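Okay, here's the structure, questions in a sec.
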Amino acid sequence: MDLLRKACVIWLKDLRLEWRTLDSISGMFFFSLLVLVIFNFTFDFTVVDFKDLGPGVLWVTFTFAGILALSHSFVIEKEGDCMQGLLLSPVDPGAIYLGKMLSNLTLILGVEIILVPLTSVLFNYPIWGKLPALAAVLGVSTLGFAGVGTLLGAMTARTRRGEVLLPLLLFSICIPIIIAAVQTTKVVMQGRPLGDAREWFIIGAAFDAIFVTAAYLTFEYVIEE
Amino acid sequence: MNGIKRALPVVLPMILFALVVKGLYGAFFEAPTEIQMGDVQRIFYFHAPAGIVAFLAFGVTGVASFLYLWRKSLIFDVVAYASAEVGLIFCTIVLVTGPLWARPVWGTWWTWEARLTTTLALWLIYASYILVRRYTDNRDQQARFAAVLGIVGALDVPIVYRSITWWRGLHPVVLKASGGGGLDPEMRSVFLFCIIVYLTLYACLMAVRIPIGCAEDEIAGLREILARRRRA
Amino acid sequence: MKENFIYLFGAYTFIWILLAVYLGVLMKKQRSIRREIDAIKARLGETSRGDR
Amino acid sequence: MAAEAAIEVRNLRRSFGPLPAVDGVDLVVRPGQFITIFGPNGAGKTTLLRLLCGLLKPTQGEIRLMGLSPLKNGREVKRRIGFIAHSPFLYGGLSARENLIFYARLYSLPGAAERASERLREVGLMTRADDPVRTFSRGMQQRLTIARALLHDPEVVFLDEPYTGLDQQASRMLRSLLDAIRGRGRTVLMVTHNLEEGLELSSRVAIMSRGRIVEDRPASDLTRVQLETLYAAKVEAWTS
């Protein structure tokens, strides 16, 4: 499929650009680390068990770090008007969306992969046994978040005060996926079998399917002149 | 057609006024007093219908946004904007009367129960919808962005409602005048009547708000022509 | 039971105040726009393209 | 194919709100011609250019590039047009070679690496091929922009104010590159304020004002002075 190949070209370009400067990943990492440290001060984990508060801590950190990736993803296109370059090349807007969405997804997942073991160390909560289940949860939730986020990132990159509008829009629209993410993470962290969170997986998967498709179809109207 | 157009601005408010009075009368006198909560439960009649009509208003925004992207004529954009704004007003009604009702009955101002929380979530979505409109300068771009948000928002409503309902458990048991589950028949008829009242109110507000949207576009055009005339 | 009436009364007055304020804002905006349209049209000297 | 007009425009209109940016343009450009459109700011030159390459949708009128419509068969048209603007469409973080390889892949051209090096050699950037574009001077960026625009051997090349921000040396380099393009028989449509450069390069000259083409002449008819007086007259007509 030519569309997927073009999407991968854009995806690899973003990763190479990121690899060259690492400015997005480093920013996200230090920001997340800071948030984790602050959480450490705000909650007394000797009294409260991390198993209950863990999901909240993780997902607040991931979503705010995700915002950094999503807004930066379209700043690099604005320098040198590169978005116009993409629009002038024989590429469907959908392919541009998929390419950018995959690169955002990769960045956010990358930070999550670094953050989860670090959280387990900082809050001395053993997580090694639960990694595969957690990976599934992270995958489904981050896909929905990055899917909608890429569309909104592209939109707010072209409005005034985009840095305020992006989080406002993204968190309002992503309430279902955030609830589903926290609930599934809680089930995983409490060691209960994944089956308990079946309904939340359904919501997460439904959110992903609906919004990645909707974003794919409406992306052209967001980047059009 | 012209006769109706001239009569409308007089007749519609009168109909609305009559409906509102009938609705208020129903809520305060016709409906029996709820056994557990007493008279304060009567807030329900003008609280819950606002939520329903708000959902409907956001649905209209979603449809109008889709039509704008398909047909590209600004009238759909004006309708989408008007419906989102009126929907937001109804959401505000729900979000203020809800706590006013919860306080005497459950002792707390805010309860994270499903319908109220969903309304809050929608309020956030459509408040940011209006902010995006205000922060985009180019009119075509504003219309396109708003249309995309209108569709995404409308798609989000059912999922938000489903996820919050599962997260929080169902709406509290609200009305039991004379035993038995569900709505007391007398209360039900007043409740349905109040929905009609709010629907008429929605129609009136839209009938006022849409021409303003059109006028704003017209004036923007005239200002540009004037500026160009002065620059030349 | 009496003090509950404050909440009931408060809820209803809030609804109508909010609607009245909203309607008032709309009416005021409508008038000011209408006035400005006519002013600009007069200045442009063109006959208005048929009243909407 | 060659008999067909490279660019054919019938009664093209595009307005932003009530204001017509392009107000009824008719234009036919034969393959191999180099036409330059002059005009004051706000005359609609850039809007016309954006309409031709499919970035903007017209409110009315017909566009045919090599017999194809940019709206209906957009991808096919974009494969055969090049666009050089004053913004480079290049990623500062990537090196010159990586930028060209990225675009070559986007246009799904065979042998991306060889093609990129070949283009870099043409514009004389081989020595800086692997340095990030951020470190390039404005002149070097413009040369790389031309390399990018010609990567896929477009049949029609659009230029939007390519001379802005270029010093003497860079302008001369740009002129020689544009000469090379003309030499290869490509069709070129340039939009600029720079009367001198425009006249020298083009085989045909047009003046646009208030969204319409008010003058369209072969360049050989005009000397530099005549063009200036004609331009002043046409622009004056607009401002009085």
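In this document, chain identifiers A, B, C and D correspond to the written order of the chains, with residue numbering beginning at 1 in each.
Quick note on the criterion: a contact is a pair of C-beta atoms (placed from the backbone, for glycine too) under 8 Å apart; a residue touches a chain by one contact, two chains touch by 3 or more.
None of the values given here were measured: they were computed from a predicted structure.
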Of B-D and B-C, the pair joined by more C-beta contact pairs is B-C
Any idea which chain sits dead centre by C-alpha averages?
A
I'd like to verify one number: the distance from the centre of chain B to the centre of chain D, where each centre is the average of its C-alpha atoms, in whole angstrom.
50
For chain A and chain C, let me know how many angstrom lie between their CA-based centres, rounded off.
42
Using the average of all C-alpha atoms in each chain as its centre, how far is it in Å between chain B and chain C?
17
Residues of chain D whose C-beta touches two or more other chains:
none
Residues of chain B whose C-beta touches two or more other chains
222, 225
Every chain pair in contact, whichever chains are involved
A-B, A-D, B-C, B-D
Please give the residue numbers of chain B that touch chain A in the complex, ascending.
69, 121, 124-125, 128, 131-132, 135-137, 141, 144-145, 147-149, 151-153, 155-156, 159-160, 162-164, 166-167
Which part of chain B faces chain D closely enough to touch in the complex?
138-140, 217, 220-222, 224-225, 228, 232
List of chain A residues in touch with chain B within their complex
148, 151, 155-156, 158-162, 165, 168-169, 171-173, 175-176, 179-180, 183, 199-200, 203, 206-207, 210-211, 214-215, 218, 221-222, 224
Residues of chain D touching chain A in the complex:
50, 53, 55-56, 74-76, 78-79, 81, 83, 85, 87-94, 98, 102-103, 105-108, 132-133, 148
Provide the residue numbers of chain A that touch chain D in the complex, in ascending order.
2, 5-6, 9-10, 13, 16-17, 20-21, 76, 79-82, 84-92, 225
